[in-house]
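Okay, so subunit A shows up in both of these, paired with subunit B first and subunit C after.
And now, the complex of A and B:
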């Protein structure tokens, strides 16, 4: 922790960064912190409750963050994948951000939970994580942490849903999407949802109905899924933000599996590797045409 | 604030089940905290239409969403239209609703309805809102207080408040003490009176004491959470529109507006026309919120609230300055849902404490 705080003090005192975005202690657990003066550096924390994907604050369409000056952002491995996504999609240039990597041993599901990692508390996304030590960073802090407990709960649930008949699966998703209030918290929480104007906010024409009837809700969630295929880093922030508890990670994880199968692509923290949506290969599978 | 005036009756756990069964057998719609049988995640109750007493989850934590959706649905049809040659025919929707009963509403959710009544009857009476209000009988569940994010006492309520309620249930060993505080509430009890035990039995005094103790404990618990003066806050917010305070709050907020979805008093809506085929369609109103960019986006492309700083300021302004200026009370019942649901840890109680501190200085 001292390493992170000292670095923050230095970056702010030297004027290298206008704001250091990390985590602090809130009344309901860890939460994002915006440190703008060296004196506040000691507020920063990092432990298994720091679940938030802070790459979301690098979205170029957040003027309230831009106003604070050049950002230095603390990133876990999964957050770094989202930063790589923003770089890959030309939403950010590498010289406009300072990345402080933290070695991560997994996070719990919500920031209010105690920091102890068990099979029951560990976030589903930590299963199979391949970036415990983020690359792509300017500074790397913290000691190596042990591997988190393994939970394959998400993949188990996907296998269960895959085993259902189409009608049963339809009923399951109907019951889930019926709850959607169309607040679009999922979109706002997503570090890769960075469109200047989201398709669901467009009115001329109104591609997607804004009403929260099933027709509108299915149109929204299907479009969202399509737009994130091969881009979603699986951070689970959309599901955590959803006020009505729609299991969006099931959709995102399924998409990752489909993209892996069709294009042999796994989301990476290397911004030089093109995502399937921005690349063409003559040997792409084309089974869907048959 | 109305007080519970009826004599307290006892409703055993078993008879609560019988009451639910009788209400449903009589063909009346019943809303209560219940779990989603299909839920893949989360275990907390929501207010739902229930079909059997087995679904009741009175002991669960505060329902995730407030009660408002039963009065202002997320999406509702205002009228339908059919094109007939050069004319358009309008098909009205009913503004009278079949009776519905709510059992186990939290006092903060019920009180919110009466606060929102004011804006729904401001110049123009919202027939759909009041149609549902008039058709509904609400019995509160005296609240045990959820956690440290509750602050109902700081906004002139209490965990055992009966504002806008027709009655209240207070948990006691073996069941509930039931008080009715309106004619509608008394009528519900009268209609099922065989299920209620009168207050004359020997156990009554013990039960009264248990209920009083339960309520006092809840009041003491919530009173420890937040000490503020909403009048002082109103003045400060009104006088400090351009204060730097707001620019410190905006960056954390990602504009997801989950706070407004779960809020019992947020009531803004958008109106849309949706075709449902060729030559016919529906006009609907849908929940909307000042936390999104498109809420204030002008047709010209200009947006008077161009960043999250100004949108978060608007949320606090509307609740603690604009609404009390117009209607004499704050647009908040202290349920704490906004703090619980915020994925980024924005905390309204903390914000209010900061403003109170600034106002005192």
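And now, the complex of A and C:
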């Protein structure tokens, strides 16, 4: 912790960064913090409750963050993958952000949970994490943390759904997506949903109905999933933001598995590795053509 | 307010047989926005087009829908007619009620209903059409020809004679290609080199042809009329400007036992060499793989060894330190004439091919392929034109020729016919019989395919005048038995097994595309088929064009071709290239992609997927002129209108002109609305 706070103080005092984005103690657990003066550096914390993906604040279309000056962002490994995504998609240049990596031992599902990780509280995305020490960083702070408890709940649930008949699966997703109120919190929370004008806001023509109706809901969630295929870093922010509890991580994780199978691609924190939609390999599977 | 005219074509009986055209006219007459509707037996005929023109003028139409065939067929025709009547041609659309309807349905009632629906979708689309203007782009009147075989030579000469400049790139040290290796040519038996070498010299001396030999295309950027080609000039270790082609280096070279590629491996050459005496340019190349000096270097010997060629060269042209160099050439068109390679039937096979181990090629010295026989028969070959078998140098008294080795054998990976083998095998039997009068020529064949001017007469001549013995059947095994080569075959006409004690066997192996063709195709953004032959834009109507505008194909890179066909194709490409160069500006269809720069977020997913490199980066400035972002812009000269960027754009900020979201949406909506 001291290491992080000292670094923050230095970055702000030296004028290297205009703002350091990290986490602080809030009324309901950890919450994002925007530190702009060295004196506030001691507010910063990092523990298993720091679930938020702060890469979201690097979206070039967030003027209120831009106004604070050059950002330094505290990133976990999964957050660094999102930063890599922004770099890959030309939404950010590496020299315009300072990345403070933290060694992560897994996080809990929501920031208000106690910081102790158990099999019941650990976030599903921490299963199989390959970036517990982020590589895409300017500074790396904190000590190595122990492995989080293992939970394969997400993959188990996907296997269960895959085992259903198409009709049963349709019923499951109908019941889930019927709940959607089209508040688009999933989109706002996603660090990689960075379009100026989202396709669901396009009205001429209106491809996706915007009212809360099963037909439009399906169109929206299918489109959202397709747009994130091969890009989603699996940070789970969309699911956490959803006020009606749609299990979006199931869709995101399933897509990760499909992309892995079809293109042998896993989202990485190396911005130089092209996303599968823009990469051509001679041995790409083409079974869908036959 | 839309004023649409609908024109329903009977296409003779093609549409009218299954679609009630009168009912289509009647139903569409009452579609909102339609002010005119009529049918005619042949709308594409002159009187048919006159109807369209008349209706546009009389009714002041704002859009035209022709319910007829595929837009591929007659869109141009009707857009032309619309333009003549003063309507922007892009306000005219085809509703395909032939390929998409009448040809594929039987029930007249249902087919008519569907034709009406198709008509409605296009009417709704046309309401959203906007006038588009033809795109004009400048053109560089200079052509790049890749490959200096007979096709490339012909294309280069024809283009240069037509007044345009040509850059000819040949990967070997001399132009000439496979034709220069041949002994005689069918069906006239004229000497291959005698007719080819004057053309080669012409290339060298032509004031408008620039030859890069021992060079390869490194990359191609740009678009039709405006390509930039980067050419890799491979290090030949000889200074092209200093060398006068005296041949002293070749005479001085002590490494003289290297199998000659030009002689198909049966002759020998030195390490520094010109492939054949008539080579163009007559500048040797040093084969660094086999050169003693370079071999020693690779072994780690510090001291310079040999150097005999450098000592012998009075001009000081030998440069051991030479490295690959690059030149860029601005060109407006590209002709691909990379030719073929022979199917290597030995043990080592590329993926998907099995080879012919049972024929003993590579193991039995007297089993050779067609090109090796050409070199044996050639007056400039290693035997001086005497037919002598490789094992003991004796004249073979019985020679078996096996056709279709590799070709027409899907089991072994090549289903296509190589086309030239029937003819060259007949030629081989004649060349053999003319030189070995008491010899016996036996040909195993599947079918004799001799379509072509004077071709069948030629094979008849081989059989009837020169006594070649043709056995219809395939050969199962070839092996060495003491002094003879045993050939086991089957005569399907007599139903008997045939065993021949041959002195030599000649295998007519299949034609395959050149190695590296896939990489070249990718550099040029052109497609190739499952075998690696370059795809033409249309198998019948655009045989020398590719799917990339400004890139043309000639010769055996497209499919197995003989010399007359390759030359004809080459001249055809020259006509296409000169046609392209005839105007100072090119006209392009405006159905290209357009970026909405207001909503583009500059993620450049479009750039990653664009097969034509049409996406450019454009700075966006704020009111004070400061750069505040970068967005994508489509270069309309490069864009081919494929629409891949439209599909990949996450914010739907790219649209294809003539196929905008609004148009497509209107089409889809029309299906459910009436």
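By definition in this document, the second predicted complex is superposed on the first by the 290 of 290 C-alpha atoms of A that agree within 3 Å, B and C clash if a C-alpha of one lies under 4 Å from a C-alpha of the other, contacts with A are read in each partner's own complex, and residues count from 1 in each chain.
Note that contacts are C-beta pairs under 8 Å (C-beta built on N, C-alpha and C of every residue); 3 or more make two chains touch, one makes a residue touch a chain.
In this text the structure is predicted, and so the values were computed from the model without any measurement.
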Partner chain(s) touched by A:90 [first = subunit B, second = subunit C, both, neither]: second
Which superposed partner A:227 touches (first subunit B, second subunit C, both, neither): second
Which superposed partner A:279 touches (first subunit B, second subunit C, both, neither): second
First (subunit B), second (subunit C), both or neither touched by A:241: first
Partner chain(s) touched by A:205 [first = subunit B, second = subunit C, both, neither]: second
Which superposed partner A:195 touches (first subunit B, second subunit C, both, neither): second
Touched subunit A residues, subunit B compared with subunit C: B
Contact set on subunit A toward subunit C in their complex: 60-61, 89-91, 194-199, 202, 204-205, 207, 227, 274-275, 277-279
Subunit B to subunit A touching residues, read off their complex: 36, 38-42, 64-65, 74-75, 148-149, 247-248, 250-252, 254-258, 260-262, 270, 272, 274, 284, 286-287, 289, 292, 294, 306-309, 339-341, 343-347, 349-350
Touching residues (chain side subunit A, partner subunit B) in the complex: 19, 26-34, 52, 56-57, 62-65, 67-68, 111, 157, 172, 175-176, 179, 181-186, 188-189, 201, 206, 209-213, 216, 237, 239-245, 247, 250
Subunit C residues touching subunit A - in the complex, by the definition given at the top: 598-605, 607-609, 629-630, 648, 650-653, 661-662, 665-666
